[in-house]
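Pasting a structure below so you can have a look.
The first chain written gets the first letter, and so on, giving A, B, C and D; residue counts start at 1 in each chain.
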Amino acid sequence: MSGKYDLNKDLKKDVDAPVILFQGVSKAYKDDIQAVSNINLEIRKGEFVFIVGNSGSGKSTLIKLMLREIKPTEGKIFVAGKELGRLRRMGIAKYRRTLGIVFQDFRLLNDRSVYENVAFAQRVIEAPSVEISRQVPKVLSLVGLTEKFKAFPKELSGGEQQRVALARALVNNPVILLADEPTGNLDPKNSWEIMRLLEEANRRGTTIVVVTHNKEIVDVMQKRVITMNKGVLVSDNKKGGYLHEKM
Amino acid sequence: MRRCKTLFYNLGQGIRNIYRNRMFSLASIGTMTACLFLFGIFYFVLSNFQYMLKSAESTVGITVFFDDGLSDDEIKEVGNEILLRPEVTKVEFLSSEETWEQYKEKYLTDDLSESFGDDNPLENSASYTVYSDDVAKQSELVTYIEGLDGVRQVNNSDAIAESLNGINLAVGYVSGVIIIILLFVATFLIGTTIAMGISIRKQEISIMKLIGATDYFIRGPYIVEGVLLGLLGASIPLIFLYFTYNKMILYIGDKFTSVFSKVEFLDVDTVFSALIPISLLIGLGIGFIGSYVTLNRELRKIN
Amino acid sequence: MSGKYDLNKDLKKDVDAPVILFQGVSKAYKDDIQAVSNINLEIRKGEFVFIVGNSGSGKSTLIKLMLREIKPTEGKIFVAGKELGRLRRMGIAKYRRTLGIVFQDFRLLNDRSVYENVAFAQRVIEAPSVEISRQVPKVLSLVGLTEKFKAFPKELSGGEQQRVALARALVNNPVILLADEPTGNLDPKNSWEIMRLLEEANRRGTTIVVVTHNKEIVDVMQKRVITMNKGVLVSDNKKGGYLHEKM
Amino acid sequence: MRRCKTLFYNLGQGIRNIYRNRMFSLASIGTMTACLFLFGIFYFVLSNFQYMLKSAESTVGITVFFDDGLSDDEIKEVGNEILLRPEVTKVEFLSSEETWEQYKEKYLTDDLSESFGDDNPLENSASYTVYSDDVAKQSELVTYIEGLDGVRQVNNSDAIAESLNGINLAVGYVSGVIIIILLFVATFLIGTTIAMGISIRKQEISIMKLIGATDYFIRGPYIVEGVLLGLLGASIPLIFLYFTYNKMILYIGDKFTSVFSKVEFLDVDTVFSALIPISLLIGLGIGFIGSYVTLNRELRKIN
């Protein structure tokens, strides 16, 4: 691994730089759709951050920017002190391997079984077979899907698919975990179990960013809450609840 | 060890891909099969045709007449000199008596021919018929023979020789053009099939990339898949053609026994000793290059 | 339209039969996966019913059964007195046109714009062009997507897609509206607006069945609540809140 | 009114489908183009070849010799009777003097031929050469002529006639077989392309059905799409071939001027008056039937 792009190492070291840093970041999808505007944001190692806001306020766009699925039209994003915009193809791949991601629309591999979907994340980091066959069943049982390991995504209920996506994000003990609406299809009991899993990962040192609409969870957990509105970061509470709508 | 593991992973995934995308796999194999099947048929027609022309060529003769009163030994000498030419396959001698007999049979009534008695009005018509296996060089050969001592006149059927030569050239040209068109068409068809296959998996590839898979890692199974499909698509028509070739030539030989009775077809092994490696190479090449190029283009586009 | 399969007319008449009637319905996806077991259920015209329950408890399966997307392995389902299992291809199509459906995974037509997605439901019932161009913008403005009418599903946020799905379900003023998790990707404010829309449709006579995990909404709205657990209908409250988990 | 609206809707959606699924549309049109292009090339080769054979046939003559001492009038009578046969295109008379001249030129040295003086040893060798345009009927014609009064002998070059007839049959057979194979391959390729296209839209179709669209409603745009793609795929090779045909025959004529100088190619309009409707029908047919059948199968499978 070339030193230049080895965010992995940098991320695992206790460097002083914030894990994630947005500097005046804007993203316009087309000329007229400004999804996020001039975001300045700093997330430190080991933080647990909720991002909340109305539908269409730019939360998923923020996550996609962190993941470097898309590039900002203005401003810069730094992860562990390295600018994402400067990464080349190989560097991007390596960077993403240090992340765990839950997509709002799950994005499971439709022609692979639940087991293979989760194992895939491990294969990508070239984990040895022994570890894969030890780790995957463990994480599947954490999200309560032990019995479904053979099923294909189409044969799962909405909430089950969401939990597979979460298992995939957790299996590599990522440095940063980005979860876009990870409990949208889950009942309250399952939702709370997922939150417990995230808190546990957080305690082990993973930096966690969760986009959610679940007011109850945000209110109860009292973590840092970032509120978006129409693409603008309108509030950033160190310890807070779901902001009440202003309109 | 790690290389070995990667190879096994790629192989396993490639085979699984083929099975899981049966529709696409069938389409690719079918396209490849169809194209190489046509290719094989053409190869048959053309290789046999050229083989037959080659045989036909060797039956076109040049007639050589001698100076008046040339002795038998001198005539033999001329024959030997003609045989020195590499393209000459056979020299046949026809005495003046035989010529006269043939003539009588062809043109004269019995009464008329009897009126000649033992006279032979064609006393000086002894001749050699020279067969060569390369009509293209015939005029050169004629000049050579005309330059020999004791040769009075050389008659050659220019028309037939030129026709054969022309047909030979024409068949070569047309065959070349059709095979090139066929290869173009095949490459295009297989290219679009692969491109469609990849476009179906765009989603899948994009997910893999978002999880941190390198292009290299993603590419492996798809290339294995492409190569396997290519080889399969090349093997099917080969096997089919191999087992039907003999039937085909029997059938055709049977149908046109009157015309082709004397002409032999190439035997199965001769034809396939060239066709098998060519087809497999085409299959392998298109499968590998097709999936490699399309993948790279697609991989570059995503993200 | 042949009389035999014209559920539409039957549904619109004030017949005595319950709108939806399940008689001992079971559905097994594979031999070992019993998604719902022996369901007996009656929904009357004009009711507003919540279906709640754990992830994987068979809620979506119930909806799919009502929609006749799948057939029960045991038991019978009647809609307006007609057995769904007896419908032929044409009859099924006609039956579905009387429904409005929000799928858990949205199921928008990816290569049509938001406008076309909603208009499609109208084209299917062969609505005249004039009505389409009057009705579609109206319903899009109800769900707050007036500005997005030209966008394609991929260009929408999760919540926006969900609202398009709802607009499509509402546009025909359906006799029955089946909504599977219609607020899973929506913030509280939008969720409540959607619920108000559903209530309004209900007041106009539409029978409404909503699958949801949103405890707050269920608790506040005090409608009939059916609770599923592991494929079994465990409770049916005429007016109630989200049942607390038993385990 | 409603029918009209449906038609417009289907047309509009069909065209939009083609545009939105550019990849698939290009693949279908490409496949169709490729197949019909090959079909066109074959059609050229074969129709011209048969045309040329037909001309060649008409140059194969039968030689007719007469009974001793037949008068000129009687000979003319025989000629007229021969001309009664519909397949006979031309009858050429060769007097015995002309025959002798030709013979002398071919076989005798000047000295020898002078020794004959004005004698004509081939006094009875006057003959007709009869040309027909149907070698297949040649043996029948020979029997007919042999039965005529005053005819002593009929010589016909069986070998050439049979060869031509055989080649004719062979070309017909091979062409038939290749065209049938080609159509099979084309149908298969286009079928899989359409099937892949539909399988890409399986999701879309299933959504439409869940919303209550009837098979009839769903089918419309896809069939319009299939028909348009079929017609487009048939038109492209037609246009291309139309504008290159003259160049092709010029080029080939040029290359083989020595052989083909006398043989004429079919002109553009004759060839295309058949090729255009055939190609368009194939395009339309495959486009319509292909999408109709695949759709129905797919529609039946969903739900």
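Heads up, the rule we're going with is that a residue touches a chain if its C-beta (ideal position, glycine included) is under 8 Å from a C-beta of that chain, and two chains touch if they have at least 3 such contacts.
Just so you know, these numbers come straight off a predicted model, no measurement behind them.
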Chains touching both chain A and chain B: none
Separation of chain B from chain C, taking each centre as the mean of its C-alpha atoms, in whole Å: 67
Separation of mean Cα positions, chain D and chain C [Å, integer]: 63
Gap in Å, rounded to a whole number, between the CA centres of chain D and chain B: 23
Between chain A and chain C, centroid-to-centroid distance (C-alpha), Å: 31
Multi-chain contact residues (two or more partners), chain C: none
Numbers and ranges of chain D residues touching at least 2 other chains: none
Touch-based graph of the chains, sorted into line, ring, star, complete or other: ring
Every chain pair meeting the contact rule: A-B, A-C, B-D, C-D
Complex interface listing, chain B residues touching chain D: 23-24, 26-27, 30-31, 34-35, 37-38, 41, 45, 68, 99, 103, 106-109, 111-112, 116, 121-125, 152, 155, 162-163, 165-167, 169-170, 173-174, 178, 181-182, 185, 188-189, 192-193, 195-196, 199-200, 252, 255-256, 258-260
Of chain B, residues touching chain A in the complex: 2, 5, 9, 20-21, 203-204, 207-215, 217, 303
Residue ranges of chain C in contact with chain D within the complex: 67-69, 89-90, 92-99, 101, 103, 107-111, 120-121, 123-126, 129, 168
Complex interface listing, chain A residues touching chain C: 29, 33, 52-56, 59-60, 104-105, 155-160, 162-163, 180-181, 184-191, 213, 215-216, 242, 245
